[in-house]
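One chain, chain A, appears in both complexes that follow, with chain B as partner in the first and chain C in the second.
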Partner chain A sequence: MKVHLKKVGLPVLAFIAVISVWESIVRLGWISAFILPEPSKVWSSLIEDWPELWVALKTTTFSVGISFFLSVSIGICSAILLFTSEMVLLALYPYTIFFQTVPIIAIAPLLVIWFGYGVPAVVASAFIVSVFPVIASTLTGLLSADPALRDLFKLYRASRTQSMVKLYLPSSIPYIMNGLRISGGLAVIGAIVGEFLGGVGIGSVIDVARAQQRIDKVFASVLLASALGLLLIKSIDGVSYWLLRHWHPSEAKES
Partner chain B sequence: MKKTVAMILWCLSALLMAETKTQTLRLALNWKPEPEFGGFYDAALRGIYQKEGIQLEILPGGVGTPVIQMVEAGKVEMGISNADEVILGHSQGAKVVSIFAVYQTSPMALLTHADRGFKELKDVFETPGTVAAERGLPYIRFCEKKYGLSKVKVVPFLGGVTQFLSDKKLSQQGFLTAEPILARKQGANPKTFLIADSGYNPYLTVVIVKKDFAEKNAELIKKFVKATQQGWENYLKDPSLANQKMSVLNPTMDPETFKEGAEAQIPLIQTAATKKQGIGLQTKQRWKQLSEQLLDLKVVKQIFPPETYFQ
Partner chain C sequence: MSFGLSIHAEKISQQFATGLMPIRDLSFICAPGEFIALLGPSGCGKSTLLRMIAGLRKPSSGTLAVGQEQGASEKRVSYVFQEAYLLPWRKVLENVTLPLELLGASRVEREFKARTVLERVGLIDFESYYPSELSGGMKMRVSLARSLVTEPQLLLLDEPFAALDEVTRLKLDQELRDLWLEAKMTVVFVTHSISEAAFLADRIVMLSKKTSGIAQELTNPLPRERSFATRADSRFTELTQQLFSQFQELEA
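Showing the complex of A and B:
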């Protein structure tokens, strides 16, 4: 009970402390509200602009969902493909790094012209930044299956499919899950960047609010985007726990 | 030998400069060096500011440079903004005043493909097609209220003229002094309509300072305005000196476009009124009208007397 109280109480206390300090420095006029809006102002924007923010949030969630799904499925499949043939790996792996290093903000206007305004451009932007961690982590996972078990599978003449399904994939799950956590956060960022130019969702609200000097609304939108990222990462944690709870030390609890 | 003499002379002049107490002012631009800032560069290059005891440091900007915030936070003494941004800023608690307005007529325009045969701004909005605009900007709200946006699809403006070139049914926003020239260079045939003709005509490219800075340095501001007026007079007559410098600072715009842009903007800067009262002129009546328009559009919730916004 005491541990539980500490775990919940301390973060809440820290939150209250930060918010009250922030609120007071703006109220006391040390920093102009025009540069850093006080938390109460952000909160009232959240309430006042809720209808608009809610519609935008739904669109962003939709785009993030699709692109994350694409990243996961295409990412894992590509990693398996790269893994099955050394030739393919050597030939293509360097190019997958392209996805990680592409400066998304620079090519976002082109994505809009290639894929069209709105959701398509946003999904493309989010996909490009979120697929690489999935590929890289899946590949690392596949390559780090226990050598002893690999020999065992060989000894028993397991087929390639059998080894893949029963050995390589299961042992790479912890790695994949780690990749997904990174990918989930990046998908939200990539979507927001795409929305700046795609003209929909939270990113568009931020863009318009910035032009209108509504910094409070920018903060409210950022808060929602972070909440979306947090929710996604927490769901991945949940899935990870559910998949790994019985056998992997990273999720096996002492309970 | 020559070098040593030059060094000594330089040191001496530096000492002398320190004696005459020059004050450094930083001017943050909201975009890369382009003809819309020509007068400032001219006055700086010809030493007109220096004569008034001002060392002007011009800081180029880019997409989304938060100029008002920079001025409000005291990161720079001066910045380039627009009249509607100033009024929006005040409604959010910013305390800045405009001391000089470059454009009497806003160069904000819509580029249309000439073969669509539009006669006036109204036609752009009343013919099915696409309009690329920055939707955060009040002018598009004004057009929405005046012409309605039910016929056209409004999409985000991506900068440059790529959208315009790739879609024959698309009209886009742009500065009269840049995008139409650029589009023509790339083979398009644009016909341009000024937004100002709709009745929404904010002063564009205004110099802003913090209100308390303006109050404490009234004399300095007078000198700055005088030097800036001189710079603009020069630039309108002969933009070559400033253009040369600016095209080095901003190589994305070619010298030809600099020249054409500088020419295209003359009637927007120089009017019968500025010939009498000087370039940079601002009137109470114009600020009042703009603030009332913004209030009417519900872009701001409160407005102040016009003297709050400029001096």
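Showing the complex of A and C:
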């Protein structure tokens, strides 16, 4: 009980402290409200602009959801493909790194040209930045299945599908989960970048608010985007716990 | 007509990419239903030989035949590793059914056979536990159960109880010997423990690190039925003495 109080109480206390210091600094005029709006202003923007923010948030959530889903499914399937054939791995793996290193800001305008304004360009942008961690982590997971267990499957003449389903994929779940946490955060960032140019969602609200010098609204939107990322990562944590609680040290429960 | 598989190894060698050749021109024969112990110092190639017998690695030269005199096509071989190597995401029962699953048995058959062997190793009450909830000795028992569930004709064990405490180890040795008396499969048991080899096997094959081959073969004079009292038998003491002096010569 005491531990619980500390775990919740301390972050809340820290939050209140930072917010009050921030509020007073701006109110005292030490920093201009044009540069850093006081928390109370951000709060009122959240309330006043809520109808607009809510619509934008829903669009962004939709784009992030679609692109994350695509990253996970395409990423895992690609990794299995790369793993299954050494030829494919040698031929294609270098190109998957493209997704990791591509400067998304630079090619976002191209995505708008290719996919048009709106959700498709946003999804493409989020997908490009979030697929690589899934591929890389799944591949690492598949490659690190225990050699003794591989021998066991070989001994009983397991087929490729049996080995994949019963050995390689389960062994890689801890790795995949780690990849998904990284990928989830990147999907939100990729979506916001795409929306700057795609003209929809939270990213677009940020872009317009900045042009209108509504810094409080920018902050309110950023807050919502972070909340979306947090929610996504927490859900991944939940799935990870559920999948690994019985067998992997990373999710072992104290009892 | 025996149930077990025979092993015929003729001048087999194993050379690794590193150039090391732990097994060189080794020949030996194992009759169906025999219980053999492979004894030798660490690094002499016991695991390497066992892996070749299991078919997990081909000899770089020589011929190795594992089979039945009558040439029946189906060969059931099981392998127990030094550690349990269970699938941590599967419960005990599902770990034991795994080999049957891979061989395509029906669910009913799988679970029936798995429960039978779990009963045999004394773990029937733990079938819905995860491996992380078991002790080292229990995990090893599950591993043994998994190897037995296919009713193997050839059971290969690579220092299976080496990591366990003495009492558990003596108990499992006894269980294994009793199991073998019932099932009559061929057993090759790798160990570096002299007393374990002397207690378990009918024939003890000693490997030499120097010659990368067999240093000596000894037939065990002890009776087929063995118990804790066997260890006090004068023949047991003599045998271990003999093996011990052999061992020292090998190491020298």
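Just a few scattered comments:
In the analysis below, the second predicted complex is superposed on the first by the 254 of 255 C-alpha atoms of A that agree within 3 Å, B and C clash if a C-alpha of one lies under 4 Å from a C-alpha of the other, contacts with A are read in each partner's own complex, and residues count from 1 in each chain.
Here, a residue touches a chain if its C-beta (ideal position, glycine included) is under 8 Å from a C-beta of that chain, and two chains touch if they have at least 3 such contacts.
It should be emphasised that the depicted structure is a prediction, and the values quoted were computed from it without experimental measurement.
In the overlay built on the shared chain, the residue A:Gly199 is in contact with chain B alone; chain C does not reach it.
Once the two complexes are overlaid on the shared chain, A:Met87 sits clear of chain B and of chain C alike. Using the contact criterion defined above for the overlaid structures, shared-chain residue A:Ile113 touches chain B, although it does not reach chain C. In the superposition on chain A, A:Phe34 makes contact with chain B only, while chain C stays out of contact range. Contacts of A:Arg210 after superposition on the shared chain: chain B is touched, whereas chain C is not.
When the shared chain is aligned, chain C comes close enough to touch A:Arg157, but chain B does not.
Only residues 146, 148-149, 151-158, 162, 166-167, 170, 173, 246-248, 252 of chain A touch chain C when the two sit together in their complex.
Those residues of chain A whose C-beta lies close enough to touch chain B in the complex are 32-35, 109, 112-113, 117, 196-199, 204, 207-215.
Taken together, the chain B residues at the contact with chain A in this complex read 64, 68-69, 72-73, 85, 88-89, 91-95, 134-138, 155-156, 158-160, 162-163, 166, 299. Interface residues of chain C, counted against chain A in their complex, comprise 51, 54-56, 77-79, 81, 83, 85, 87-89, 98-99, 101-103, 130-132, 150.
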